[in-house]
Amino acid sequence: MSDRPTAPVPPRLAEWERRTEMPLLVASLAYLAGYTVHVLVPHSTEPWRDVALVLVGLPWLLFAVDYGARLHLSGQGRRFVRTHWLDTLTLLLPPLRPLRVVQLYTRLQLHREQPRLSLHARVMAYAGTSALLLGYTASLAVYQQERGDPDSTIRTFGDSVWWACATLTTVGYGDAVPVTLLGRVIAAGLMACGLALLGAVTGSFSSWLVQVFSQQDEKRPPESE
Amino acid sequence: MSDRPTAPVPPRLAEWERRTEMPLLVASLAYLAGYTVHVLVPHSTEPWRDVALVLVGLPWLLFAVDYGARLHLSGQGRRFVRTHWLDTLTLLLPPLRPLRVVQLYTRLQLHREQPRLSLHARVMAYAGTSALLLGYTASLAVYQQERGDPDSTIRTFGDSVWWACATLTTVGYGDAVPVTLLGRVIAAGLMACGLALLGAVTGSFSSWLVQVFSQQDEKRPPESE
Amino acid sequence: MSDRPTAPVPPRLAEWERRTEMPLLVASLAYLAGYTVHVLVPHSTEPWRDVALVLVGLPWLLFAVDYGARLHLSGQGRRFVRTHWLDTLTLLLPPLRPLRVVQLYTRLQLHREQPRLSLHARVMAYAGTSALLLGYTASLAVYQQERGDPDSTIRTFGDSVWWACATLTTVGYGDAVPVTLLGRVIAAGLMACGLALLGAVTGSFSSWLVQVFSQQDEKRPPESE
Amino acid sequence: MSDRPTAPVPPRLAEWERRTEMPLLVASLAYLAGYTVHVLVPHSTEPWRDVALVLVGLPWLLFAVDYGARLHLSGQGRRFVRTHWLDTLTLLLPPLRPLRVVQLYTRLQLHREQPRLSLHARVMAYAGTSALLLGYTASLAVYQQERGDPDSTIRTFGDSVWWACATLTTVGYGDAVPVTLLGRVIAAGLMACGLALLGAVTGSFSSWLVQVFSQQDEKRPPESE
């Protein structure tokens, strides 16, 4: 049914990908935890600072090694950079790392034996989780930028999460808004990604609802028609 | 046509569900009325307070009994909790109760003999009514949280309804915004649910409009082509 | 192809509808012009006040007569009220009258000989024009309510149009917002209708774009595949 | 498969269009650069002013000549104005010029030999690039209008870009809003175009995601079903 043939994956690359799935998922979650500690825990508390550094730095190193290994094993050379653009992007832009968590979790699920969710439910779960993780990371990043600014309306991490909610859903109250340049750049990125991801959630929910209602029609006894 | 076989409903469960439909619908509406009285009527007026307590508490008890009975009759054990996640959720989170009103009403309609609306119209009606009921409940809940706060911009129940309208449609003027923690959590919930529900309304309206226009094409005399 | 049989229109009703199309379209436009004059021209200038009254009142009378005549000729009795719900609604709620302009114009086009627009283009044109007319009428109605209020942020008709633009597109800056009860009720109505109509415009534009791009594929010489 | 036959392009027109593609693309980019210089560089700096004038004026002249030549070669006379409405519009409304950049780039791609992106990816790329270019031009135009106004909240070009981001994504914080008449007219235009274009991006992304997930189903070993 698929009209676009995809190149077969070399056996050694497939083997590598299967083996690194679980470590990479753990590394992604460690990165997220490390970034949280880095932003939210005051820098004066000495031990936490080092913990954060390790939790942020080590996963990144792991991702770089994994990227290099897959680039080598794929035998595609420079084409790999383009065909795996999401991997390339998340390597260069750490705040997009959460997208990897979802990707890895999805790949892990492929090997599980139990029946999975329907197509629309999976798209909803994937896009929704990505949006949540992106929103959380953007809250951390914007809070880090804004808390030092005297004109800032984002004073607590709670304000930042509230801002991310209003931004992702495009409600945009405007009671908490980034004012620094870097804060606004992160916000623009969140808008763009969030809009597409939440659009996918909404669209899939709509399709799923139509599907449920049309199944109801079939189950209904036909005598009343 | 349906590719996902659904487990047959045990006859005793089907019997139970048919018999409890009408009482549960009445209980849902009573819950909504009780919650309205609880929030809007001043607590000093003694008789109303007790009325609200009964109207809120009794339906909840009924829902819990119904949930338990269906859990038992289904013979699914713990799987029931997952397959009937909407029932489970509305039992634990009372503000989502209105979704049950719509669900029960839809199920009641299945037994009526008269011809029903078209597929898209039903999706629109279901999602639209759910959004309205959710918006109304969220208005009550946010008003309850916000009216006591000195910094609040939501001072009357009218302000709260106005806020809910602007939030559900993602317009988000920002002239009335929750400032308390719990108020913001409820708001975030309303954004997420409302976005999906209104997306379904919009999508179905769009599909319905396309359908109407393409039917117009068929009716048109072909000599002008 | 249509799976929902529609009742055949009685010949005398069809005749009536064909004959009244043009007068009703003129009456709709007159109503819109009269309402504009009524709101925007100061009431002290005597002649205009009477002009507005005639332009608003006469079309309404005409619509009522037309509604009664069609109700009688259809021979459907009370069912007519439900099957022609848009006509019923626009008769009772004058601000929704602009929807009739679009409806009548669309019906007129059915008799024209020249080739019409494609399906998606027509849905876009219909929904877009409806949204524009609704936004214009809502601007007038909200301006009429808000201009007298001391707390109002909508001081000129330009502010009101700007508010309607920001509301219809769900941008919702919040720099101009209705504060009166009736102003907010009109705003909520505009949000609901506008959201659905603009959703249809966006959806059809998206479908049309996909269609254009897939036609491009077919035209392309196949040697480069 | 296409049900709407398009008129065959006269050979001399096709020849003209193929030859002018690259010069017109360069002219479009020069126009954009010239407009940027015109708005952002202070007018006192003499040489830049003339550079901007040349960069803005010359491309416009080129577009007018091209439009006239194609109008003549098509042999369609006045019908050309209607069938090429986007060309007509961008000739009269310079801020819409960026849409030509995307159109020309798309046409150029048709002649390239290498395999192109999938349908949904191309719609996303087209609509996304158009939205970006429109947003950039609108930022320039609104900044030009607003910077002189004493009540303006758009004080730097950065504010203007931030406003354009919040408007295109319909977030609409309201912290930076045009207050002049012409600024608001441009804003309304951006809202309308941006809404449709970003709706196409979101819709295509959603479709693409569903496609990716359904391909995943096919690749999956069937033993676990």
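A, B, C and D are the chain letters, set down in written order, and residue numbers restart from 1 in every chain.
As a working rule, contacts are C-beta pairs under 8 Å (C-beta built on N, C-alpha and C of every residue); 3 or more make two chains touch, one makes a residue touch a chain.
Owing to the predicted nature of the structure, the values given are computational and were not obtained by experimental measurement.
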C-alpha-based rotation, chain C on chain D, 0 to 180 degrees, nearest 5 | 90
With residue numbers as the basis of comparison, which of the pairs A-C, C-D or B-D duplicates the interface of A-D in over half of its contact pairs?
-> C-D
So what's the Cα centroid distance for chain B and chain C, whole Å?
-> 29
Approximate Å spacing (C-alpha centroids) for the pair chain A, chain C = 42
Chain D residues touching 2+ other chains are 166, 170-174, 203, 207
In the complex, chain B touches chain D at residues 170-174
In their shared complex, at which residues does chain B touch chain C?
-> 118, 158, 162, 165-166, 169-175, 198, 201-203, 205-207, 209-210, 213-218, 220, 224-225
Going by the contact rule at the top, pick out the chain A residues touching chain D in the complex.
-> 1-2, 4, 110, 112-115, 119-120, 122-123, 126-127, 166-167, 170-174, 177, 181, 184, 187-188, 191-192, 195-196, 199-200, 203-204, 207
